[in-house]
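Should a chain be cited, it is by its letter among A, B, C, D, E and F, assigned in written order, with residues numbered from 1 in that chain.
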Amino acid sequence: MAEEDAPLVLYVEDEPAVLELGVSALEEGGFRVASASTGAGAIRQLETPDAAFAALVTDIDLGDNSSGWEVARRARELFPDLPVVYVSGGSAHEWASRGVPGSVMLTKPFALAQLVVAVSNATLERPGPGG
Amino acid sequence: MAEEDAPLVLYVEDEPAVLELGVSALEEGGFRVASASTGAGAIRQLETPDAAFAALVTDIDLGDNSSGWEVARRARELFPDLPVVYVSGGSAHEWASRGVPGSVMLTKPFALAQLVVAVSNATLERPGPGG
Amino acid sequence: MAEEDAPLVLYVEDEPAVLELGVSALEEGGFRVASASTGAGAIRQLETPDAAFAALVTDIDLGDNSSGWEVARRARELFPDLPVVYVSGGSAHEWASRGVPGSVMLTKPFALAQLVVAVSNATLERPGPGG
Amino acid sequence: MAEEDAPLVLYVEDEPAVLELGVSALEEGGFRVASASTGAGAIRQLETPDAAFAALVTDIDLGDNSSGWEVARRARELFPDLPVVYVSGGSAHEWASRGVPGSVMLTKPFALAQLVVAVSNATLERPGPGG
Amino acid sequence: MAEEDAPLVLYVEDEPAVLELGVSALEEGGFRVASASTGAGAIRQLETPDAAFAALVTDIDLGDNSSGWEVARRARELFPDLPVVYVSGGSAHEWASRGVPGSVMLTKPFALAQLVVAVSNATLERPGPGG
Amino acid sequence: MAEEDAPLVLYVEDEPAVLELGVSALEEGGFRVASASTGAGAIRQLETPDAAFAALVTDIDLGDNSSGWEVARRARELFPDLPVVYVSGGSAHEWASRGVPGSVMLTKPFALAQLVVAVSNATLERPGPGG
């Protein structure tokens, strides 16, 4: 349903069932989605020369000994303005110390509307407090 | 469509037709919804020992001599961080004096997308201005 | 699907295919939509004595030598509180100098969820920073 | 130091020493200040036909069986857009249930810079989230 | 009092007495200030090759047939992220239609604390809603 | 000038001259200030059993092989709501990837008014977007 050039979201999640639901909700909302199931795979996509993501959605506890905290940090090193939405069950309490500025935390289990709204908000261009 | 542990919204509305539309829009968005048609009924649910609501949506003019202003105030006494969305036709102008801090006002008749977005925004964890 | 008195959005777009998609997404979300394909047509609707729009969505590059910047400026002269959502491909970089305060910029091609969320956010009553 | 037409703040406080410090900090910042030591006195000033306050600063526990919650609620009935800054020691925890939308809570003892910044922020015209 | 490399504010005002007060308040707060008394003079400074302003403060009704609206628009064409604070007596009502996104409006006569706080807020780096 | 129980700010800075200016500006604004010149010293103060800080201001490049990023992360582990203001010259560009959510970045050399306003904003209680 998403147009060819629609905004592209990178979705990182190691539970296939959760990933599938999330991806299909975002696609129904008109986003294109690239997915990764490991932190290493996500970082590889972020480091691809022509990468052009509109937002990053990342689970915290990824299978491969890596975490969404690391993925987001690397993403922001490469793209300082990239909107970040974290998704987690057990690690939400760590967000205040490990999240990046301006990010959003979605606690699992979440409603799909929350995901779509979080990504939509994050990708709208609005002036920050300083102009 | 909502998962078993999806965020639970308490929806207080005394017009069955409006309640039904609102509940089904929220459920379609993936929220679970508990409903009440009177202020007394809503407060009873809020005071239940294990109550764990993610947000309160409340109409203002409830049938039983009570009002949504009272429901929200009681809710915030019990749960100071509970997100509140008011819904009203004739009483929206009272929000500036009777609403609680950080609440949102939806004027009837509203678009269902406004309801779903208002509840989704309210339940995303984001830093406030002070950190 | 929108109720008779649902919030009315004025949607200004000269590409019929884009307009049709946008209008139907907003209507599915429960908004009523009035549309215009030229700046002059939009301004005529805004100047109609009983005009009561809940929000303005406007493309920037309109066919008739007019632009969305002008439409929004005229709209705000008439209705200083009217929420404004700009939509553009090539002109998004001009928003910082030509947009009105508190507006939002949607870059084409956008996801329909972004449009619906932008309009929903814009039409919720929330206190600004000053009260 | 305040100019003749500088923004006028209504400051309600029943402890003379606190009032004096607060008033002089605001005046040094260039505001004019009208003061009241009771809720009744404050409401009388708010109801004066030509009242034109730029902001309300109110203590919560006022001597005359009234509270700052009531003062602010009455103020907002009369002036829905009036910025409100509450000041309190023991009652700050009630703000979530008894404060008005868009208000700010200053916990006693506060730094005078917090008071001046809170009032300055509240009186700057900025677009709210909806435009 | 401002350090040699302190943030530099461009202050545009054609009333010498107002300019002097504003400049000295900002300097006392630690900002460096460059001033202009006409729109043309301000734009000349903005277009200077090495111009590096931290914020623009501009009166609306400038003597030379130009206006602060034009100065800010030109400033944002050159520096899309430049924080803008407008200052005006009679023209504040035009801000909603003629101001730039993310700007702030200070109504004359203002308190000097409002000016210093407005410029300080505008020059702090904080994440916008989108990250 | 600060009262005995005024809000206490922890200020971490290894350049004595900068520390002295910052501390005295905050004290003039009515804050109490505890200072540390190393990351280790700051973390020791944060871990003190009765620590009760209203805000953390921290330089990034600290002498002892530690950084303000680490100090703030540890502070947020202990106090998830603690407001954080970073101060830096050369490391400001790392804030998007290494800062904590809801923090503010002050670029050196800063104006003292920016510091006082940043700390004042951060310590005012205001509702976040979700209530």
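We take it that a contact is a pair of C-beta atoms (placed from the backbone, for glycine too) under 8 Å apart; a residue touches a chain by one contact, two chains touch by 3 or more.
The shown structure was predicted, so the numbers you read here are calculated from the model rather than taken from an experiment.
In this structure chain A contacts its sequence twin chain B using mostly different residue numbers, the overlap staying below half. Note on A-C: across the candidates C-E, B-D or A-B, the interface recurring with over half of the contact pairs conserved by residue number is A-B. With each centre defined as the average position of its C-alpha atoms, the distance from chain E to chain F rounds to 28 Å.
Each of residues 81, 95, 101-103, 116-117, 121, 123-127 in chain A touches at least two other chains. Note for the complex: chain B touches chain A at residues 2-7, 26, 29-31, 116-117, 119-121, 123-126. On the chain C side of its complex with chain E, the touching residues are 73-77, 80-81, 93-103. Considering their complex, residues 92, 95, 104-107, 109-114, 116-118, 121 of chain E touch chain D.
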